[in-house]
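Down below are the structures I want you to see.
After this come two complexes, each holding subunit A, first together with subunit B and then together with subunit C.
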Partner chain A sequence: MLNILVCVKQIPDIDLVKMDPETGNLVRAGVPTLTNPLDLNALEAAVQVKERYGGKITLITMGPPMAESTLRECLAVGGDEAVLISGRPFGGADTLSTSYSIVMAAAMRGKFDLIFCGKESMDGATGQMASQLAERFDAAQISCCLSVDAVGDGKIRATRALETGREIVEATLPCLITVEKDRFFGRLPNLEAYLAAKKAEITVYTENEIEGLDLQKIGVPGSGTIVPKIYPPELPEPGQIIRTGSARSDVGRLLELLAEKGAL
Partner chain B sequence: MAAYSKITPEIAEQLRAVVGKRFYVGGEVDPNYSHDEMPIYGKYMPEAAVDAETTEEVSAVMKICAANKIPVTCRGAGTGLVGGCVPLAGGLVLCTRRMNKILEYDMDNLVVRLQPGVLLKDLAADAQSRGLMYPPDPGEKTATVGGNISTNAGGMRAVKYGVTRDYVLALTVVLADGRIIELGKSVCKTSSGYSLLHLMIGSEGTLGIITEMTLKLIPSPICDVSCLVPFRDVESCIRSVPKIKLANLDPQSIEFMDADIVTSSAAFTGNPIFPERVRNEDVGASVLVTFTGYDEDELDQKMIKLGEIAKEADALDVLVVATSSNKKSAWAARSSFLTAIEADTKLIDEMDVVVPVDKIPAFLIYIRALGDELGIRIRNFGHAGDGNLHIYCCSNELEEEEFKRRVKIIMDRAYTKCAELEGQVSGEHSIGHAKMVYLRESVGEDVFELMRQIKAVFDPDGILNPGKVCDSTLAERA
Partner chain C sequence: MQKSDYRNMWVYIEHDGKTAAPVGLELCCELRKLCDRTGDRLYAVILDRLPGAEEEKVKDCGVDGLIRVHGSGYAYFNTDAWANAFTVLSRKYNPSAIFVGGTVNGRDFAPRFAVQLDTGCTSDAMELDWDSETGDIQFIEPAVGGKIMAVITVPALRPQIGTIRPGTFPYAPTGRKAQIEEIEEEISFDPEAIRCRHIDFIPDENDPEMDIANADCIVCVGNGLKDSEHLERYRTLAKLLGGKLGCTRPLYDRGILPYKLQIGQSGVMVKTKLYLSFGVSGAVNHTAGVDADVFVAVDKNPEAQIFNYCDYGIVGDMDEVCDELIAQLQARR
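Entry: the complex of A and B
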């Protein structure tokens, strides 16, 4: 039976997050959260593998207690058990310390044959986690996966997207896979699974419960990067669409604007 | 029946004196004013157009047009589907798009006062930002609210909340001769003579021009969830609808979709949120049921009950649309149905019949057989909860004239079938000029004549939106 790990992240609804113009910080208070959509694509790929080859899917995330809702959402569409890494010392982590925390917590649940990750998170969008995790798990990595073609005999064969075509690759297990979103649309949960997920038990690991965890490698102390400032990119002046109601008056308005700018 | 006059340079000057640069004549007129979203019904350019901004301007324009017997066709966003805003008699198009201000909210009485050119999506979003909801929810969100009132638009939430008519408290209307009248008040009930307010609603600009509206709002629901219930076939799908309605679950909407439209929508949006196969079986048709409630526990209880009904009705499953991402995807897909059909269809015609809910399968089976017989592809979706079906006749192969010939046969027979099933010609798209002949057959000569007499009281010279609803005199004026 395949032991499958799917890494997921709860993010603020990126359509609703605003930036504090004075501090440069993202204002997340009161902003609804959602599960990183690309992680749901990864979960769907994992569920399809489980349906074809059998196996168990463990979901893992790191975040505040409210991140439980993301795990329950994922349990409803095919996850079998869920782990939440939560505690103040994990806060402020960059990808280096997050990948360390996830690997250490995952080790508490045994060894994994396959690890599925979203391509990146829609909020941070570093795209670094998958490669870091593959390294820390000592796993092969297949990125840009279009389809999982075969799993067996300690190997996986998959098709991945290249800029110029496709590539069929084979790797030994364990293997970490990131998927192309258009190939693995998330499914809707059925009612039974949705209601069961609401009551499912979720394993919560604090910093004290993860064996061998080095507190200097988690959270801010374990981060290899510092973010001194966040600021929105400078956008070019937006274009203007002239719609006055008729072509003739549109042209008239255009001539006026060009004259105002000294172009005529 | 007197013939209409043309807009002479002198009349043009009078109109220009009222609205200034917002008067357009000849080649200045936006060519889009010649049609709505169903160009198969023909294109008719007006001689001139005005973009009105105030009630007083509309009144002044109408006085000029009444004095000179100039036909006037009022137009909002032009998103209609029956040629309602198309200037069949030429004349003047009076566009209300620039009358797009939300004037004030009365939070004590939960009403909003606005101009007719406000878009439905803008009103919905603005009300939402105040914790309020404007319940009517027609699929075309870029329609103007004035247009919604003129057609008594319905939408997906009609099952629970009713239609546009149920939310109109008062209107300011400019009559054909330019007089300004007020209909209705901001009160919850009235028993005060004939309701001219309700006569004006759904009259498609044939009785007067709406220039200001007072609408009823409700507090926004606290939470909501939708369930997709897939079935093997249309019959078992529709049979579940009365059971869902009877179960005291108070659904906000019960939307129907068949397999064909789901496939089109997935191809169009690139997001197959509605599955084509469930539990290794093909899905023939589904209903999308939406509940609102005070908290998640209440919604869970409603869904559990729905699950029991679905099981008894032999549904393939019950799928939950609960997360914000899935809700966005599901409603984007549902809202895309018409656009998806338009995107991959060369020739298209539609009907918007409403039949008793239990008669939906009989009508769909009949119309599909007609389509097969005549080589016309039939695609449909609609509001299962209230029996309102949107049926599209499509072809990519036929020449236009042949398409029209075959579709006329389908329409003639389908509306006869609709009448047999005790249905109505239009649930929410209205009559325009495209469906007038079917309205006449449906209501009979006595009722049709009464409609014409009412029209004559409001508009004795027939200058308001000629050739629409019950005005079959256009040929006589030519």
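Entry: the complex of A and C
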């Protein structure tokens, strides 16, 4: 039986995050959260592997207590158990320290044969977590996976997407896989699974419960990068807005202007 | 760790054994400028053999030196040998920064050797600056869907690692150095120890509609599009203009158009004569990928950021304006 880990993240709805023009801070309070969409594609890939080859899926995330809702959402579509890493000292982490925290917490749940991740998160969008997790798990990695073609004999064969074509690769287990979303559309939970997920027990690890955790390697102290400054993008001066009163005459004027420029 | 013990900047030259990928050359050109300010030397790192003519191109980008790595394990890209090579090299030479093109494979291995070296890694910077007081590179990039620009630094660790998307910086060689140091390194990785192996490669079928990077005209459809049923008119318009259809990330995320048509920093960077956007809000991540001689924007929101990037803008219903364009263009024929 395969022991499968799926890493998920709860993110703020970035369309609704605003920057406070006075303080220059991001205003996240009251902004709805969602499960990072690409992580649901990773979960779907894991569920397909579980259905084909048998296995158990453990979900793991790091975040505030409310990140439990993301784990329940994922439990409802195929996760078997769920782990939340939560505690103030984990906050403000970049990918170097987050990957450390996740691997240390995952080790509490045994050894994993396959680890699935989304390609990136919609909020941070570094796309670095998966490679860094793979290194810390001491695992092979298959990024940009289009299909899992076979699993067996301690190996996985998969197809990955490159810029100019598809590459077939074969990796030894343990292996971490990031998936392309086009091929792994998430499924909807059935009612029974949904209700079970609502009641499911979620394991919460604080910094005190993870064996061997080095507090200097988590959160801000463990981060390699910092963000000393954010600012609104500088916008160029607006172009010429054509306002003639109707779409027909606006378009007519636009075509004249383009013709004058020799752009048609 | 003393930051001052770490000197010089490196660029990884990705290649397929025949040609160097443009991104490595672009990075050399950009980092030449940065190194002139910091006083660092610029080195290009080449794994396995790159033909001489291609090496000449690298030299023309103003590098101070080449580091050629030879040995086993490099027959085909694999994360293990690549990450190992950079870890071994970095421990030997202590560079201040390592830059890797943000290709599929670059993004695959660079964060991995950052963990091996226990250092900070950034991705997708659009600008590079330098703080002379701290000696830190400032990686400047759009964040939170392009609403803000974030300055990211690696304040205490070295090397500073960054992956940068192809097309972010121009390929503009400023001239060759009189003296170019050439360093040969033997770093072998046991092919038997490679955990993820290449089996086969199947090239994509050549579909000209999917090749938009240098199209003369591009009609770009954004999240303002109601649904895929409304898409056909934009294809028609693109055809009438002798151009191609593209989209912004939300349309790819919504499953309406394929990734190869996604224009912007995380998709295709385009260079075109005429660019018409419909229902595109104008997030930095998108506009950073557009280099157009003439830029036309159509959106119903008069406050949309896209109007800051256009030459000509029309505030209105995107479908209506598109239909009107089709009608008037057809009437002109």
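Here is the rule we go by: the second predicted complex is superposed on the first by the 234 of 264 C-alpha atoms of A that agree within 3 Å, B and C clash if a C-alpha of one lies under 4 Å from a C-alpha of the other, contacts with A are read in each partner's own complex, and residues count from 1 in each chain.
As a working rule, a contact is a pair of C-beta atoms (placed from the backbone, for glycine too) under 8 Å apart; a residue touches a chain by one contact, two chains touch by 3 or more.
The shown structure was predicted, so the numbers you read here are calculated from the model rather than taken from an experiment.
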Quiz item: In the superposed arrangement, does A:R136 touch subunit B (first), subunit C (second), both or neither?
Solution: second
Exercise. Examine A:P232 and indicate which partner it touches, taking first as subunit B and second as subunit C; both and neither are also allowed.
Key: second
Quiz prompt | Touching partner for A:D182 - first (subunit B), second (subunit C), both, neither | solution = both
Exercise. Go through the superposed model and pick first if A:G245 touches only subunit B, second if only subunit C, both, or neither.
Key: first
Quiz item: Which chain makes contact with more of the residues of subunit A, subunit B or else subunit C?
Solution: C
Quiz item: First (subunit B), second (subunit C), both or neither: which does A:L195 touch?
Solution: first
Exercise. With the two complexes superposed on chain A, say which partner A:P37 touches: subunit B (first), subunit C (second), both, or neither.
Key: both
Practice problem: Examine A:E73 and indicate which partner it touches, taking first as subunit B and second as subunit C; both and neither are also allowed. | Solution: first
Quiz prompt | Residues on subunit A lying within both footprints (that of subunit B and that of subunit C) | solution = 37, 182, 247-248
Quiz item: Which of the residues in subunit C end up touching subunit A in this complex?
Solution: 79-80, 83, 103-105, 107-112, 114-116, 118-124, 142-155, 157, 195-204, 241, 253, 255, 258-259, 266, 273-274, 284, 293-297, 302, 305, 307-317, 320-321, 324-325, 328-329, 332
Quiz prompt | Residue ranges of subunit A in contact with subunit C within the complex | solution = 14-15, 17-19, 26, 37, 94-96, 99, 122-129, 131-132, 134-136, 139-144, 157, 160-172, 175, 181-182, 223-233, 235-243, 247-248, 250-252, 254-255, 257-258, 261, 263-264
Quiz item: Which of the residues in subunit B come into contact with subunit A in the complex?
Solution: 21-22, 24, 27-30, 49, 51, 95, 227-228, 270-273, 275, 300, 303-304, 306-307, 317-326
Self-check item: List of subunit A residues in touch with subunit B within their complex
Solution: 13, 32, 34-35, 37, 40, 73, 76, 182, 185-192, 194-195, 198, 245-249
